[in-house]
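Order of writing sets the labels: A, B and C. Residues in every chain begin at 1.
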Amino acid sequence: MNHAHVLSRLVPARMPSVLPGFGLTMGLTLTWLSLIILIPLAGVFIRTTGLGWDAFVTLATDPRTLAALRLSFSAALAAAAINTIFGFLVAWVLVRYDFPGRKIVDAAIDLPFALPTAVAGLALTAIYAPNGWIGALLDPFGIKIAYTSAGVVVALVFIGLPFVVRTVQPVLADFDKDLEEASATLGATRLQTVHRVLFPALMPPLLTGFALAFARGVGEYGSIIFIAGNIPYRSEIAPLLIVIRLEEYNYAAATAVAAVMLVLSFVLLLVINLLQGWNRRRTGFSD
Amino acid sequence: MLTDSSDINTPRRHVPTAPFETPISESRLIKWLLTGAALAFLGLILVLPLASVFTEAFRTGVTPFLSALAAPDALSAIRLTLIVAAISVPANLIFGLVASWAIAKFEFKGKSFLITLIDLPFSVSPVISGLVFILLFGSFGYFGPWLVAHHIQIVFALPGIVLATIFVTFPFVARQLIPLMEAQGTGDEEAALSLGASGFQTFWKVTLPNVKWALLYGVLLCNARAMGEFGAVSVVSGHIRGQTNTMPLHVEILYNEYNFVAAFAVAALLAFLALITLILKSLLEWRYGGELAASRRH
Amino acid sequence: MNWPRAAATEPHRDRDERRARQAPVRIDVEELGKSYGGFAALDNISLSVRPGELLALLGPSGSGKTTLLRAIAGLTSTEQGTIRFDGEDATSLSLRDRRVGFVFQQYALFRHMSVFENIAFGLRVRPRRERPRAGEIERRVKRLLELVQLQGLEDRYPSQISGGQKQRVALARALAIEPRVLLLDEPFGALDAKVRKELRRWLRELHTETGLTTIFVTHDQEEALELADRVVIMREGRIEQIDTPADLYREPATPYVCEFLGGVARFDVNAKNGEAEVLGGTFPLEQMDYSGPAIAYVRTHDIEIVGREAAEGVPALVRSARPFGPTITIELSIEGRRERIEAEVPRELYESGEVSLGHGVFVRATSAWIFPTG
């Protein structure tokens, strides 16, 4: 299969191997990847560059676009922050303490992964609507969650929860108890031990979890459009704006927003990756 | 089953089960408070939504629930969801196996870059995942005119939905298999080859059985996402009732029509599937946790 | 190493503490008991550690030695019994108040802190009132680094230093808090043989210099016998014997101790009126009027080759010989006994042909320990 041979020559510096099939499988893999992922994604950027820089900037800085981007990113940030704090708490309790049903609770953490986003959105709306279980409790105080940006944050907290918990759990579980004992024998209080010994080790997974939850939250669509209200400039998230532009057959605007989202997410993730690397070097721990 | 800590032959690992009665843990009160706070948070964020789905679905009784599911549009949505899953999951299964063989069993430069590429769909918003196919195959897309000329419909039809679903569920199987296969190394395969097995035989009889539980796990996750995907499918589907609506999309349509009981009925069915997924997932983890642990370090 | 001088006026408690610090501490363990489920990790343990003594807790896995050490440290709680430091009940004291220096087998250094920060840790976490000023902390840490001979390494991280160096940092860290007692849990277990030997010698010197009451746990009997002032042999949660290494070697108290120290051959014999015969010699038991089944242990170099002819002793056949070194170890088989026994013969005897492979000789025991069975 010439195709595979050519491709395997393109992949440089491979050590000779006893096992067969490299050419074939690598060829298939690269082909598949290109067809399904690379070319479609490239399409976005090619489309965007086709617009011309000025047109792109106009579309990207459109007030409605900016409002949508601002909402998506700030809500994702807030939700990721909340998840970092509570996710750490949950991970701590699951790893360190025992209580009836702990294993079931542990399994339930993955619910946001398994549940379709539309179902989550629907359920959250039902609960936080003014006549819902929680909404009804808060309504007398004038606190509205459904159909506001607060609702967006709540939905993203649901979506992002497992990321933080699952990245912190293994590190906490593997943490060498000797270190805590050493700290105690040296005279540290429990709080001092948690602060000076445990926390530095947990910082990398916390940051990682935060980054993952944040990235997920920025692009989330299904669970938000039910609960958000979707009012332009107020509670409209960026992905929804893309959909609306598509429905208007305004491909240009849609791609512009998408491109901005991709670039911003990429930059932010890069920053967080650098942060992690710095933290790793400083604390001497590796993920 | 506590081990005497003077046993030097047992590697000291922190076993995260019942708390040890040592002076290096928190006071009882603090433990209670923290546990309570964590459980309250989880109850609010996780349990309440799940409970409400079922509560609302059965609010007016079992009969409306069942008839909502039996409605023609609901049935076709269910059928479509199943068809899409039946195509995308095997496709990604095969890809996952092929890719992990290429990546895990050989040494070459650019491995981590390749793995990052495979992981891309995870970091892209579902809406953008659907957008890319509109840009390619939509009426004003690259291939749009060509497709129209040949009367081939991709977007707003089954092919588009399948493509978008394959895109978003692409990494699931590969991500489970690659770390595991890398950890397992090539020893077994080399032994099989030296005994005269062909490449394919080796793969079928040696590699595959070694990874079967991780494979099952990946397929499970892939399937859950394939059936539940909303954003990407929403963009490419066109929302044509009875034809291009998967179950999640149907939920949205029913909701927008204020047909809440029906919306919750379909949602409850999806939630039920999610619970089955969780249970199977947990079972796999509990029984084959060691094997899966290698693959869970993503 | 000089302890810091007291301030001009100091509170009563601090003054008493300082006095206690300056003199090495006596540790009394009284009837200590601890079990896990049905399994007794510590079974009615009582012992006294003399002030300034270097004591070894020796035994196999599961003997309770580490549990005992950790109980003294306050890391493991106990169900019965008391521990006293200089007569003061320590069992009710918290870990923090016991002021015990503990060194772990795997060092337990804080990876995200430098060597300096590790050693300074104990001083920095003190309550504000007791915390020395930053300059003072620096001074003490530097002095400790000199003590453990690691000057210049204060800014390195644990991942950048060797195993032996890590263990010395761990020791310095434990000493920084001016502990009353120093406890070490298999301190050299994770190191390779050469480093182990060096550190052993070094620990002995350190102990002499600090004068602290020190207890260490080991399963390596060579280490225990070489280092310690006294050795505690433990088994299944109980103490078999406490003695100086010399006394242990000369007079093992129980069959277990004999077997544990090794280098012996075991014989089943019959005692009559406090005596028993083994390998051609008659030896007394401690119980002077005991008659009945007994076990006899004979050391390898307490087996004498009498010669080819039957003057005295027991006939034996030479099965193998390891002819290296000044004495030669030979394996003999004796009638009525399946296992071979080892004996050492001077080189000349072997070379002269008195003793040779495949031929018979007569052997006898010059010394043996005999214990009643059961």
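Following the convention adopted for this analysis, a contact is a pair of C-beta atoms (placed from the backbone, for glycine too) under 8 Å apart; a residue touches a chain by one contact, two chains touch by 3 or more.
No experiment lies behind these values; they were computed from the predicted model shown.
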Checklist outcome for this item: Chains sharing the largest count of C-beta contacts are A-B
Item to check | Distance-maximising chain from chain B - centres being C-alpha averages | outcome: C
Next on the checklist: Nearest whole angstrom, what separates the Cα centre of chain A from the Cα centre of chain B?
Outcome noted: 15
Item to check | Computed distance of Cα centres, chain C from chain B, in Å | outcome: 56
Checklist entry - Which residues does chain B have that touch at least 2 chains other than itself? => result 12, 22-24
Item to check | Overlap residues in chain A, where contacts from two or more other chains coincide | outcome: 176, 178, 181, 184
Item to check | Where chain C touches two or more other chains, by residue | outcome: 74-75, 95, 106
Item to check | chain A to chain B touching residues, read off their complex | outcome: 11-15, 17-22, 25-26, 28-29, 32-33, 36-41, 43-44, 47, 86, 89-90, 92-99, 105, 107-120, 122-124, 126-127, 132-134, 157-158, 161, 170, 172-178, 180-181, 184, 190, 193, 215, 218-222, 225-226, 239-240, 242-243, 246, 249, 251, 254-255, 258, 261-262, 265, 269
Checklist entry - For chain C, which residues count as touching chain A in their complex? => result 73-75, 95-96, 99-102, 104, 106, 108, 110-112, 121-122, 125-126, 157-159, 170, 173-174, 176-177
Item to check | Parts of chain A lying in touch with chain C, wherever the complex brings them together | outcome: 176, 178-179, 181-189, 192, 196-197, 200-201, 282-285
Next on the checklist: With touch defined as at the start, can you tell me which chain B residues reach chain A in the complex?
Outcome noted: 12-14, 16-19, 22-27, 31, 34-35, 37-39, 41-42, 44-50, 52-53, 56, 95, 98-99, 101-103, 105-110, 114, 117-118, 120-121, 123-128, 131-136, 138-142, 163, 166-167, 170, 186, 189-190, 193, 198-200, 202-203, 221, 224, 227-231, 234-235, 247-249, 251-252, 255, 263-264, 267, 270-271, 274-275, 277-279, 281-282, 296-297
